[in-house]
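Below you'll find a set of structures to go through.
Two complexes come next, and they have one chain in common, chain A, joined by chain B in the first and chain C in the second.
Right after this comes the complex of A and B.
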């Protein structure tokens, strides 16, 4: 049993690496898309904000597994053949972007208009006002929910196993099918996910404290 | 296309019954444990850390992994349960952790003074809880509980992985038999989002009813 566990270590390690890579890529894609969607949500033009609103609501109710199936298997139906990595990251990114859009929208709304006007009065260009006044405050305000959403995406990345991507959850399945030990592999990967999630939330607390001292 | 949709929808609606049954029963099944966890969080040191440990584990690991652990672990306890029962149990254990946080926050939101005032007026401890604290806490917690219900519907799609024929699994079956994954998965996604929207609507209706006669 113990020797089996040791010989499985490289498998766990590669699964962990894949989980970390796809989660990071998925989070980056979600944050980037989320910022663009947040800007669109704040648009006064209904034909811009309404479709984006629908998209955001859609991602809230849609299970990631079916989003992945749609991209991975549905895409192939009209010739869009993606490898599991790409399909997984794109799926995770599009799925996560909805929540990030809401987070950033709220963050930008929370910065008082008067500050932008004051910055304009003081001779800052709109770009400078955005970079030095609006963005730092919005980022500080949105940090706790952003960390929460990043944690969600790490956990949701386990669903990428259903499109055959060899991340942690898939690795646990592979090991249990070879060794017939079912509980140990899944408990092991659960502990690994838990460690990632705990580290992320600690990082969040640390950043929150740093930003709080600097900005306010 | 027309033919495939005619095959897809009846199958999906058939699976929808299981999806709704599993997620609707997981919520109340998890509630007693959640209340215990919330109560333990107010108790002594040992109880507090036990409750925090449970909540941290079930919130810090992916539901997919939790489902597989419960499904494979139960036979070790001598429990040979139907997949659908094991799946509901796993979802209930998961939602208990999330619900306990909702209950904790909801009860905390009631000012201490109200309990003191009720006791002064001669209410017993249980009367104070049932007539003063619980009704107010319920109104405060309702939006979060509706959100948890929506999350459960979404998460319940993962039970398909342990061979429960819910809507997600029916979508997979019909995608395979019709060679039309696009229609099957897109339709399933629409139905999941629709169920979430219906739940949100019901939540709003109850909220409005409860708000009647409350001057706030």
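Right after this comes the complex of A and C.
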């Protein structure tokens, strides 16, 4: 048993690496897309904001597994053949973007309008005001829910096992089917997920303390 | 006030918010070197007038010319059209604005607040911008606070930083929208004395204020508004000593009673 566990270590390690990289890439993609979507949601032009609103509602309603099937198997039907890793990142990214868009939209709304008027009066372009005044504050203000959403994505990445990606959950299943052990592999990966999640929340606390802005 | 050249001119200005008419035909010339205080009861339209000068509120009728250029609108054969953001920024360039609630950017240091526009808009290198910024902070007595965050300052200090921020880009006229109304009473004086120093340097200033003492002593002109119109205007001493209109004398009476 113990020797089995030790010999499985490389498998766990590669699963951990896959989960880490696919999650972080998915988080980065969904944060970036989320910022763009949030900016578009605030557009007064209905032909911009309405489609984005529909997209956000879709990703809020659809389970990740469904999104993955659509991208990985559905995409293949239309000639878009992605390897499981890329499909996983894109799936996590598109799925997470909707939630991040809602979080950031609330963050943008929390930046007082007067601060933008001050920027206007000083000649900043709308783009400069967005990048230097609105965005940094919106990201700082929404740090707690953003970290929560990032943690969700790490855990949801376990679903990527269904499109054959050899991430932690898939590794646990593989080891279990070979060794017939159930508790050890699944508890081991649970512990590894916890380690990732715990690191993320500590990073969140650290950033919150550094970026803290009082006195609104 | 050796010369009486026009800085800002307002003709037939109208502004409605929905059904409500807030500005109802305002005519006003602000000359270079003027220190003009706009007084009047709440809801008289004085803040809207000030904000219209910078097109922070878009006026519906009449026009505002800032140093010879109409702000906000362009006359076209098809009627008035909004200026592009770029054009508006260009017409606004000589105007500095100070707000009631300061509107400092809380995520940046004081010096970054003061130098952001210099660096981004005016292309001044950081070291040079910071030199200018520190000089501006020195002017408002806050040179030692350059590296602080706005949230660690008192209201009076925040407003002085906001003044330094507006001055950093060398405006030709400064607009103040109730600059002391959000301050604790004991902090009002430090802001007013910075404004007095600025007036003494010859800065053209338009100030919406409830500080009658300041209007009486620092302004060379006072405009009294009520119901979206200018009811009375003139030099402060004669106006306060002998108001011509019933409404101004009532307004001053209320203020004197409160001051007792």
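Following the convention adopted for this analysis, the second predicted complex is superposed on the first by the 201 of 216 C-alpha atoms of A that agree within 3 Å, B and C clash if a C-alpha of one lies under 4 Å from a C-alpha of the other, contacts with A are read in each partner's own complex, and residues count from 1 in each chain.
Assume a contact is a pair of C-beta atoms (placed from the backbone, for glycine too) under 8 Å apart; a residue touches a chain by one contact, two chains touch by 3 or more.
Everything quoted here is computed from the prediction, not taken from an experiment.
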First (chain B), second (chain C), both or neither touched by A:126: second
First (chain B), second (chain C), both or neither touched by A:202: neither
Touching partner for A:140 - first (chain B), second (chain C), both, neither: second
Which superposed partner A:211 touches (first chain B, second chain C, both, neither): second
Between chain B and chain C, more extensive residue contact with chain A: B
Partner chain in contact with A:194 - chain B first, chain C second, else both or neither: first
Shared contact residues on chain A - chain B and chain C: none
In the complex, chain A residues that touch chain B: 57-58, 60-63, 65-67, 69-70, 73-74, 76-78, 151, 155-159, 161-162, 169, 172-173, 176, 182-183, 186-187, 189-190, 193-194, 197-198
Contact set on chain C toward chain A in their complex: 54, 56, 85-86, 89, 92-93, 95-97, 99, 101, 103-107, 116-117, 120-122, 149-152, 162, 165-166, 169
Chain A - residues contacting chain C, complex: 112, 114-115, 117-126, 128, 132-133, 136-137, 140, 211, 213-216
In the complex, chain B residues that touch chain A: 56-57, 60-66, 68-69, 72-73, 76, 150, 153-155, 157-158, 160-161, 168, 171-172, 175, 180-182, 185-186, 188-189, 192-197
